[in-house]
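Which chain is which? They are A, B, C, D, E and F, in the order written, and residues in each are numbered from 1.
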Amino acid sequence: MELTLAIAIGVLTGSGVWLVLRPRTYQLVIGLSLLSYAVNLFIFSMGRLRVGAAPVLGADGSGNPADFADPVPQALVLTAIVIGFATTALLLVVLIAARGLTGSDHVDGRESR
Amino acid sequence: MTYAGALPAWAALLTAFLVLVGAGLTLLGAIGTLRFGSFFERVHAPTLGTSWGTGAIVLASIVCFSALGSRPVANELLIGVFITLTTPVTLMLLARAALYRDRAERKPGVPARSILRPPRGRDQQGESGGGQ
Amino acid sequence: MELYSLPLIIALPFVAGLAATLLPSDSRAPATWLAGATTLASLALTLSLYPSVHGGGIVRQRFEWIPSLGLDFALRMDGFAWIFAALVSGIGLLVVVYTRYYISPEDPVRRFHLFFLAFMGSMLGVVLAGNLILLVVFWELTSIFSFLLIGYWHHNQTARDGARMALTITAIGGLALLSGVLVIGHIVGSYDLDTVLASGNAIRNHDLYVPALLLILLGTLTKSAQFPFQFWLPNAMTAPTPVSAFLHSATMVKAGVFLMARLWPVLSGTPEWFLIVGLAGMTSLVLGAYLAIFQQDLKGLLAYSTISHLGLITLLLSLGSPLAAVAAIFHMLNHATFKASLFMAAGIIDHETGTRDLRRLSGLFRYMPITGTLAMVASAAMAGVPLLNGFLSKEMFFAEAVETHADSWLDTAAPYAAVLGSALAVTYSIRLIHSIFLGVPSESFPREPHEPPFWMRFPVMLLVVACLVVGIIPGLTIGPFLQVAVSSVLGAATPQYSLAVWHGFTLPLAMSAIALAVGAVLYLFAGDYLERAESPLLFGRIQGQHIFERTMVAISWRGARLVEQVFGTKRLQPQMRLLVAAAVAAAATPLFASGLGFGSYSSGHDVAFAGLWGIGMVCAVAAAQRAKFHRLAALVLLGGTGLVTCLSFVWLSAPDLAATQLLVEIVTTVLILLGLRWLPKRSEALREPSGPLARARHFRDLVIAVVVGAGMAAMSYAVMTRKPPDTIAHFFIERAYSEGGGRNVVNVILVDFRGFDTLGEITVLGTVALTVFALLRRFRPAQDSIERPEQQRVQLSYDEAEPDRGAGATPTEYLYVPSVIMQWMFPVVIVLAAYLFLRGHDAPGGGFTAGVAMAAGFVLQYMAGGTVWVEDRLRILPVRWIGGGLVLAALTGATSIFVGDAFLTSYFRYVGLPLIGKIPMASATIFDLGVFGLVVGATVLMLIAIAHQSIRRLRAARLEEERQLVEERRQWS
Amino acid sequence: MTAIILLWCLTAAQAMLVAAMGCYTFRLIRGPRAQDRVLCLDAIYVSAMLLVLTVGIRAGSPIYFEAALIIAVLGFASSVALAKFLMRGEVIE
Amino acid sequence: MEWTRHLLVVPILLPLVTGALLLLIDESHHTLKALVSLASTVLLLLASVVLTRMANSVPVERGIVSLSYAVASWPAPLAIVLVLDRLSALMLVLVAVIGLASLVFSLARWHRAGPHFHTLFQFLLMGLAGAFLTGDLFNLFVFFEVTLAASYGLLLHGSGAFRVRSGLHYIAINLAASLLFLIGVSLIYGVTGTLNMADLAVRLHAVPAGDRMLLQAGAAILGIAFLVKAGVWPLCFWLPSAYMAAAAPVSAIFVILTKVGVYVLLRLSLLLFGSQAGELTGFGGTVMLWGGLVTVAFATSGVLASQAMGRLAGYSVLVSSGTLLAAVGMGDAAVVSGALFYLVSSTLTTAAFFMLIELVERAREPGADLLAVTREAYGEDGGEDEERDDEEVGVVMPGALAILGVCFGCVALLLAGLPPLSGFVAKFAMLTGMLNLYGLGTPASIPPRTWLLVALVILSGLAALLAMMRSGIGTFWAPLETVVPRVLVVEIAPVAGLLVLCLFLTVKGGAMIEYTEAAALSLHDPSSYIQGVLGPEQAKAVAR
Amino acid sequence: MTRALPYPILTAALLLTWMLLTSFSPGQFILGGLIAVAASRAMAALQPSKPRLRQWQLIPRLAGIVALDILRSNIAVARIVLQRRGRKRKSGFVAIPLDLRDRTGLAVLACIVTSTPGTAWVEHAQDSNILLIHVLDLVDEQGWVTLIKSRYESLLMEIFE
């Protein structure tokens, strides 16, 4: 699974980077979304992968730390998800505003080349 | 499967069966979307998954957790209920959108809006009621 | 009294300058009185210190400023500083008197006095500074105030140009001087003037001597307008004449030679010094004089003569002999006197006749005999005629020029240059006298000239008298003061020198005679030619000014723009590319340096998981490929990738992440769809760049993408396969329940252990929502998006065409049944949100998840019923939700402060309730409630703000229609 | 023994569900029309929910229930939005 | 915990609560909102000053301990801590001062050019304060994001094509940089298992050699993220346009944003890769030094090439950044001390400059008096916020042009580093520090790169002088008939106030340098920071 | 009563949902009750067409019929999916004139039709109350009309009207 996830992170990053280098604002939005998936998974992977070890304690509230996945990267990813959501929304609105004001959906507000 | 020992054999087997049925139906539905030739045919396929595909797996979950906790657990039922309630919304809107788009493009084999005219137009119903 | 004399001498002009600005605008007389009184006070204070500096005494005054950096506000007056201070304040006083009559009432007098007095104060600061950095401070101030003075009449293009050039050159010099002084400080270990003056040997023997020397000389030579920086000075003539009189006699340009003399004991005596200073001085001496003879502008002539005379001083200083230094100092004083008087005379002439053009001026002696006489005497002093002060110092100069100091061609050339320069000085002096005062009176004066008012002539008279007195009885007049000044510079090396007018028939006397004769003869033959010359012979084309201007334009404008264009970009894509490349380089450098190895830690293999990611990756790649032309497809594919991401979180023991990501996924999809409506249809028919170049660019980006992807994959794999370090996680797991009161460790981290992060994170969300709202308040759709979407137009026209259908029948009809279910889901969503919220602390869920779910419920209603329908029924005040949520979260955190615990400290205990039993009550739950409120508000605000544009579109369309109507009407009328 | 059977069946079921998602993904990419894509996305959501349930069964833990419930209650929102976009060109009117 | 310790959280909490409360006040109560916002900012300033005194009361001799505050009462390496030392206190004061100035400036008109200006503004202050105070790497990310989110809102405040276009670039680049930030932080966590900066400094020693390159890669990626914020060449091209596009008071407060990047680089490079870090000592220093040098060179040409004053100001920000980065890259206490002085001075200057530009440009063209915002033609709310009847705040200035001219001259001097204002003292302090690393009078050889930096610092000042002279002459001297601009007291007062502060900095240069020297010394002694956060034992472990 | 609890059945259903989600304990009953009341009051704000359940005891019967029908259709459609491509199969649209007017009833009918594999709700005309469905395996058009009308519509009309 490590290999799978690593390759997945790589492919998502690659696709995202490709899009981020494209000239259309919409490509930018999709690209940054893909990149944030990739980065979220990357952060997540820094806690190592565990199956069936969700960091939710049993009814008595005790537990051996070794039995649980690292909760810290999960908490970080949660924060990152929220912030990513916010920024995607913002970028989207900025791009439609830019489209309205400049009449173009090129990232520079005008066609180049 | 650390809990496996706690599960009675009947429950384990029933769960296994139900899970297989549910997943199998879902897979069949998915294959259907590949095999059917038109959108209106494809619309039918996923309902395999949303009806008894879901039902079976939900049941499996109920069986499993009820047996595990040795008390009836039924919260998964809600999943079945809500899937049944919500899936139609998408499908209705989607089918209607597809119909509209087909009509707009004047695709053959698509019934005209006129067949749904109020009663005085009802006699026209037969003429275009057919499908392809 | 003596204690505060030094700071007072400097401060008085500044204070008076500021005070002058408070006077009424038409107050020539009061301003003069104010300026005069303070200048007089400075002069008086200076003079009063004579006893202290007489006999080698030094007055010091030190205030702490930045002691740790060696910068003190240290003032220091020795004989040399004293004589300069007296000169500056003395001539300053005369200029103030003169200005009273020169400046017209229309001119902004207050500003003049402010700049003038501040300039004088700065110059006094340069003279009295006892710390080299402080000296630089005042030095730069003289540049700045001279800039303002030169540009005083800034409505003239020439004044602006002259001021700019003066500041440019002197500022370059000033910064060089600063660098030089810094180097000196590095060598000596102090900026204190006394210490530096005592460290001559250390400086001259240091490796950094030459750079320091070059930098300092760059400062002094630019300031003194020495070759090759001489060109700014004539352009500065656009200043009001009193300013010129001051700047070119006793101050500004003198600052350069002053500093060279000041540091003479430390820097001079080396071949480098001799070569650079000597060359600059000699060239300036000859070139200045040569160019002066061709000038048609009276002030221009005087300006070039200044260059020439300062060249003389510089040359003297270069020689490195004490006697030469004496001559230099002496000539500084003499030049100040006659040059100031000449400028003032020039001002009188200009004032009276309205012109300074030598070709138009003639026979003025008849109209203004007294002024004429004074000017003639002063010119004679400038020419070095015996019995005038100029003669004495020039005699000393000749004597030194003949001496051999360092055996080189420069030394050999010195006497010839000296004679040549002096001869030319004689020529232009004669030309000045002859052209202006003698000859036939011109008919074409713009105004009828008169003698000026007495007090305007008075300063000139005083200075000319000084020239005479010093020239005739130097020993009795200037002698003791010169001695004081010289000995304070030279110290023990002070030579014996004689100030007698007559030394017998000596070589210098012969040289003087030759110079006088040659100069007179030259004028006799070339006078007419000079009167007609358009530009100087030989040097007509090459003008330093033009070269300078062109260079400046080339460097500071064209070159800079080129650099900006070549090494910068305003386009986003290259910037992104650079950013990505920089990140790759940053990560790759250490990885390649040490080699990236993988570990063996593994969590097993799973075919389904691999299959899942097969799907996820295909979706991602397809989304990337489709995003250009098939936006909707790309969005759907993005959703696929997102879903697979959620599933991975489920798979890998992160149910909270899965739930959150799922909800965010849903909302994001709706959001992007809302936005998609405002993007234009993109057809593949649109002309796009193609061809090999475009393909190459694509390939390059592809390579970048692959490299970055591979890098990320490698890094994550490397970490994932390594044994985990001893992380802080165990702490959280151990204490989540016992001390945080929750079993869902992730949630306890979010609302308790790291609640601070959450507080920040929700602030981000709220902020973005407000931004979105604000931006959309001013949203203006593009022309092609104002119309309804095509579908709606078709449906509308259909509805309108059908007899029994009204407008809007289609949307009502197609939502008739589905909307029922969507509405009934609303309370279900509320229950779901409540469930997610309350379970959060023990199971997956929490305020954020609940909030997004709730927001999705609202949005569902908007989709079902439309904006108007919902807002008729529900009053959602998202901004209040945001504000309330944030306040709640922050104040919950703050309550612990009142108990005495740190901010955000969470409390929990089990509370026994009747019927319900013991339930955990954590203050973190209230914090989470704040999170919930904010998330609901922010999410709804963003979605609804975009949704509202569809309603506003209608208004926009109507406005557009109206605008066209108005346009049409305008065309008809 | 039964545990192993259950495990294998769960694995098989998960594989089938992933295969189903794969089929839908194929359609998702192939189209041909937008409605096909939306239909498939909706179906993928449901399959994903089922997958979550099987993961829950496999882990024997109820903590994955919330994720499934969220899909069941709100999963349709995005496909509704997509469908409405197709029909009206606008999600919220 | 004594109650004064709680002051550490005030600079974060106060703007947060203010911003949130402002949302509960209706948009139509402009004045009330303005007053609340103003009062909060004044309190922030007071709190920052008190914090500075607290930080400065800690003795400079051996055993300097920074003050820390464990948020939520959890012990230090495990939860988030706020750390106060001289540097963070200084930055806080700077934030409060510039915040106050630009807020006052905005009260003339800008705060009503769009909704929720004050809230966004307060959140920006909160984010900045948090970034300067936090001692946790991920929390730093969060506060970076708070700052950025608010800055997005403020940058777009007032809307308009140019603003939105530049905003798009600004947002895109910063989003990408934020992703890098996340990658870096998580990589570091993956290798060391901690997020606390002090703990990280301790744990660095325990990282096995085989994992070190991953740590370095993480740190390097993190560094790129900060370099983007600081505006290093070639990652800085978005900056001049964005700063130029923003409304004047917004650009003014934005000046601090680049300083956040510099601050973090300074803090982390000395804490993690200082002299105690063994093999890792000086990691990234070369990149910062050369990056800074190239940035100064590029920005200098940008300054010269700028026609619009806004762009000139934007490039001036880059000059300042580049200079600071290079100084940080040199990494010596003497240089850092001077650099801190320079940081303060240049920040005040450029902030004043941005505000001044708006006023000066009113003098340039008649009609520019009107706000350069797009007319609300499409809003359903009929441009409620557009109803700016010409009601005035304060009194229109007499002699406005003269005052503007004086202010402009002061800014020119400050940018050029000419006396008598603090620009000169700052440059002098930095240069004399570079040339005399171990104090004046202690011989030390000077490497070529130092000479290069010295030259660039001086040349950049010269370029600024030339450019400012060009603009100034064109604005104040050249026109035959200069429009006397309508300038309100509340607009000129903050500009003048910042410039007076620069003068004050000059006069009180000695005290200021004493402060920055102490700050630099404690930065160069990471054990003091670690001791403040983790206690004496851990600090000793590092000091060995 | 109606003002406090505008939708008693909804409230009850929500309470049931709550207790299914959490547990059947007195504490959750109280908490769930509060939430359910709040949620139904929020629902009331939307002013939906208020359904009248006349014979709610028929609901289980309907549910049973539907569950069974769906199961049968599942098998049928699964078979269609699995059969070889060659076999002739005709799918098509069927227009069904409805008598059921109640919106909620229609919504339930929609759920039934859609959830049953093999039939799909395509379009419903509000004015004429004619429903257009798509049938995957269309053999007898009129058969579908009667099936829908007799098997579901009549029951629904009994329940809702």
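Going forward, a contact is a pair of C-beta atoms (placed from the backbone, for glycine too) under 8 Å apart; a residue touches a chain by one contact, two chains touch by 3 or more.
Please read these numbers as outputs of a predicted model, since none were measured by experiment.
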Compute the shortest path length in steps from chain D to chain F over the network of touching chains.
-> 2
Count how many hops through touching chains it takes, at the least, to reach chain E starting from chain A.
-> 1
What is the chain whose Cα centre is as far as it gets from that of chain B?
-> C
Maximum centroid distance from chain E, chain identifier (CA atoms) | F
Comparing each chain's Cα average against the average over all protein Cα atoms, the nearest is chain E
Return the chain pair with more inter-chain C-beta contacts, choosing between A-D and C-D.
-> C-D
Find the geometric centre of each of chain A and chain C from their Cα atoms only, then give the gap between the two centres in Å, rounded to an integer.
-> 40
Between chain A and chain B, the Cα-mean centres are separated in Å by 31
Where the CA atoms of chain C average out and where those of chain F average out, how many Å apart are those spots?
-> 73
Gap in Å, rounded to a whole number, between the CA centres of chain E and chain B | 58
Mark out which residues of chain C touch at least two other chains, giving numbers and ranges.
-> 570, 572, 576, 580, 635, 651, 655, 676, 712, 715, 719, 724, 727-729, 732, 754, 757, 761, 764, 767-768, 771, 775, 778-781, 791, 795, 804, 814, 817-818, 821-822, 824-825, 828, 839, 843-844
Residue numbers in chain E touching two or more further chains are 138, 142, 145, 149, 152, 156, 159, 164, 168-169, 172, 176, 183, 187, 189-190, 195, 374
Please set out, as single numbers or ranges, the residues of chain F touching at least two other chains.
-> 17, 21, 110-111, 121, 123-125, 127
Full set of chain pairs in contact is A-C, A-D, A-E, B-C, B-D, B-F, C-D, C-E, C-F
Of all residues in chain D, those that touch chain A in their complex = 58-59, 61, 63
Please give the residue numbers of chain B that touch chain D in the complex, ascending.
-> 1-7, 9, 12-13, 15-17, 19-20, 22-24, 26-27, 29-31, 33-34, 39, 42-43, 45-46, 49-50, 53-54, 57-58, 60-61, 64-65, 68, 73, 75-76, 78-79, 82-83, 86-87, 89-91, 93-94, 96-98, 100-101
For the complex, which residues does chain B have touching chain F?
-> 25, 28-29, 31-32, 35, 38, 40-41, 43-45, 47-48, 50-52, 74-75, 77-78, 84-85, 87-88, 91-92, 95-96, 99, 111, 113, 115-119, 121-122, 125, 129-132
Chain F residues touching chain B in their complex are 17, 20-21, 70-71, 73-74, 77-78, 80-82, 85, 90-95, 97, 110-111, 113-125, 127-128, 130, 132, 134-136, 138, 141
Seen from chain D, its contact residues with chain C in the complex are 11, 14-15, 17-19, 21-22, 25, 28-29, 31, 34, 37-38, 40-41, 44-45, 48, 51-52, 55, 62-64, 66-67, 69-71, 73-75, 77-78, 80-82, 84-93
